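By letter and in written order, the chains are A, B and C; residue numbering begins at 1 in each of them.
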Amino acid sequence: MMEQAGRQIELLEMSAPANFPYNYSCGKIGSFFFKKLRDEKKIYGRKCPRCKKVYIPPRPVCGPCFAPTDEWVEVGPGGVLECFTVVFFGFLDPMTGKKRPVPYGYGLIRLDHADSRIQHFLSENDPKKLRVGMRMEAVFNQEREGKLSDIKWFQPVE
Amino acid sequence: MKQNDAILISSQVLQVSYNYSAGPVVSKFLVSLRDQKKILGIKCDKCGIVYVPPRATCGKCFSEMKQWVELSGRGRIETFTSVHYPEPVQPRGGPFILAVIKLDGSDTGLTHLVGEAEEKDLTIGTKLEAVFQENRTGHILDIKYFRPCRD
Amino acid sequence: MAGRAAIIATGQTFHKSRRRDVNIVELIHEAVSACLQDAEMSPADLDAVLIGNMEHFEGVYNADLWAAAETGAYLKHAMKITTGGTTGASVAHAGYYHVASGMFNCVLCIGWEKQSDGDTTAGLIFQSDPLFERSNMAGAIGTFALAASEYMNKFGITEEQAARVAVKNRGNALNNPHAHLRRAVTVQDVLSSPMLASPIKLMDMCPTSDGACAIIVASEEVAKKKSPNRPAWFKALSTRHDQPFNSDLPLLINMRTLRDAAKDAYAQAGIVNPIKELDVAEFYEPCTFAELSWYEALGLCELGGGGKLMDSGATQMTGELPVNPSGGVISTNCIGATAMIRVAEAAIQLMGKGGARQVPGAKTALATGFGGSFWTEITILERD
């Protein structure tokens, strides 16, 4: 309620839930990558012919060189944890319309043979058990559908 | 993921909930629909234009508007269409009639639904009157629809 | 050749977490009215209106149209510009380009956000890559937590050093009547505030605010003849983008885009030693760690020296280069307006209208904008 010219005005709010349906094409490069995850539990990066960098996530063009990438290179499944966080605050996940369960760990992992990093979930959600520089390994789901979540998470290797 | 021969498709439904402040001017309009079944317009003192839906600022002369005008809830069709194709975001199942209605005493058109009428019954200029919902919540759809005048 | 252009007026709303007393267009109107009043102008004096917000935060994709009455854009040249967190700076830059081209004389630029009408973290997840980053990223807080993790590990930056940024900026906010959070905090308050995403705690992070900001950019002729304020001239502008994925960026927090844009802007402005030659700076620091790292990226100290520079006091109000006299983003964050507030606050300093937050005699001011996967807009202003 707000006071205006000596009278109370009731202030209304309009609640408007919205669902946006999208169908994203993974394109040729994304499709190759996700099928390899699904069918072979293998992770592939894409290599630039000019600067020789191997990119993950794979992409059609190397940004710095503006050159089309032209080669698939198998990377991982092991790598090094380069930074991490454990998320404690609750928030709405628009992918589900519900709160995302917390706490969860995620980080940037530099996979063996790759020159860029991948952002993914970590098996650990205690920040004290994680450290930068740790060796990590991809853990695949039993049931795989051809998406990034076919990798369940990365877990520390002894 | 749907699959065809070569290309995967990632199907996602992104879900968020917006919660818009109506502000004092629009709140007064909606409360009046809800509590009194009355449609209010707001008038610019400077250029005399009556706006429905109401707003705080006159676009034409940039004045702040404060003068409320009570309207009869009757008006005439300025343009209309019958919507036959279905979309999940539409206010109700089709087919339905959507019209721009110039309410008596207002200078702007209000877009709303037309009920109790078939497309063939309507023409530009048809006189309409507002029909209100039984249960009103302070929403523009507290006006259930407009129907052709019965007198 | 580009003409000269200046900011001749600014206007801001009063900021809160939830401005439930107004709707979106009424909020925008508050900033526009304040700005026109500051310029002693009416919409008849404007020949263009530019506006921006983060579309997916409120689900409002056409503010140029929606707010035409409240912005004075009615039957005028109007344009919407959206570039993520940098939006407010992009709108200001577009104002400069409109005027410097010689095609417009007096341009109203507006940034706004009504975060309480929507959902910010959901909106930011929306913005990220649908195939690779949407399912695991956690909005700005998560991304800055990753960045801070890397930054601390690489350079031995401490949580205490970061906390001192919050103490400084929240303290400065006490001098700014437009700041959202106006309560001083201590290092201990910051360290013991709830953990959001390790190592980022509640008081390390910017708030979510509802608010709007407007500025008027004018040609040399208008600025000299009609402006009631001392004009704040654009001296240098630079924009840089980088790779699309968070995971691509080589050192998240010491932004490659900021380093490069700073180099470019300093060259344009003839600045060799920024900490000496700049008089005041307004950073878009979404979290405490970012301000430390951006001291480095902006060449105020060496790489990894951000913590030490903070400890030295050089960026305090009484220091060599006061950073964020307004209280910064840690104190007020209405995202589509945030980067414009940086530019507006820099202009206010040059106009000498800073009141309790005024840096005496400020002649050259820098403003940064931050957005999305770590891109940058830099603005350097000067006064005659």
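We adopt the following convention: contacts are C-beta pairs under 8 Å (C-beta built on N, C-alpha and C of every residue); 3 or more make two chains touch, one makes a residue touch a chain.
On a predicted model such as this, the values are computed, not experimentally measured, just so you know.
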Handout entry: Category of the chain touch graph - line, ring, star, complete, other
Key = complete
Practice task
Look at the interfaces A-C and B-C and say which one is made up of more C-beta pairs in contact.
Solution key: A-C
Completion exercise
Per the C-alpha means, the centres of subunit A and subunit B lie apart by a whole-Å value of 42
Completion exercise
Distance in whole angstrom between the CA centres of subunit A and subunit C is 28
Handout entry: Centre-of-Cα separation between subunit C and subunit B, whole angstrom
Key = 38
Completion exercise
subunit A residues touching 2+ other chains are 2, 11, 13, 16, 18, 22, 24, 26, 30, 34, 92, 94-95, 147
Practice task
Return the residues of subunit B touching two or more other chains; collapse runs of consecutive numbers into ranges.
Solution key: 10, 12, 14, 16-24, 26
Handout entry: For subunit C, residues contacting two or more additional chains
Key = 20-21, 59, 119, 122-123, 126, 130-131, 134
Handout entry: Touching residues on subunit A, where the partner in the complex is subunit B
Key = 2, 4, 9-28, 30-31, 34-35, 92, 94-97, 145-147
Handout entry: List of subunit C residues in touch with subunit A within their complex
Key = 20-21, 59, 119, 121-123, 125-126, 129-139, 141-142, 145-147, 149-150, 153, 194-200, 242-243, 245-248, 252
Practice task
Enumerate the contact residues on subunit B facing subunit A in the complex.
Solution key: 1-3, 6-24, 26-28, 30-31, 88, 138-139
Completion exercise
Note: in the complex, subunit A contacts subunit C through residues 2, 11, 13, 16, 18, 22, 24, 26, 30, 34, 55-57, 63, 82-89, 91-95, 100, 106-108, 116-121, 127, 132-133, 147-149
Exercise for the section: Please name which positions on subunit B make contact with subunit C in the complex. Expected result: 10, 12, 14, 16-26, 55-60, 62
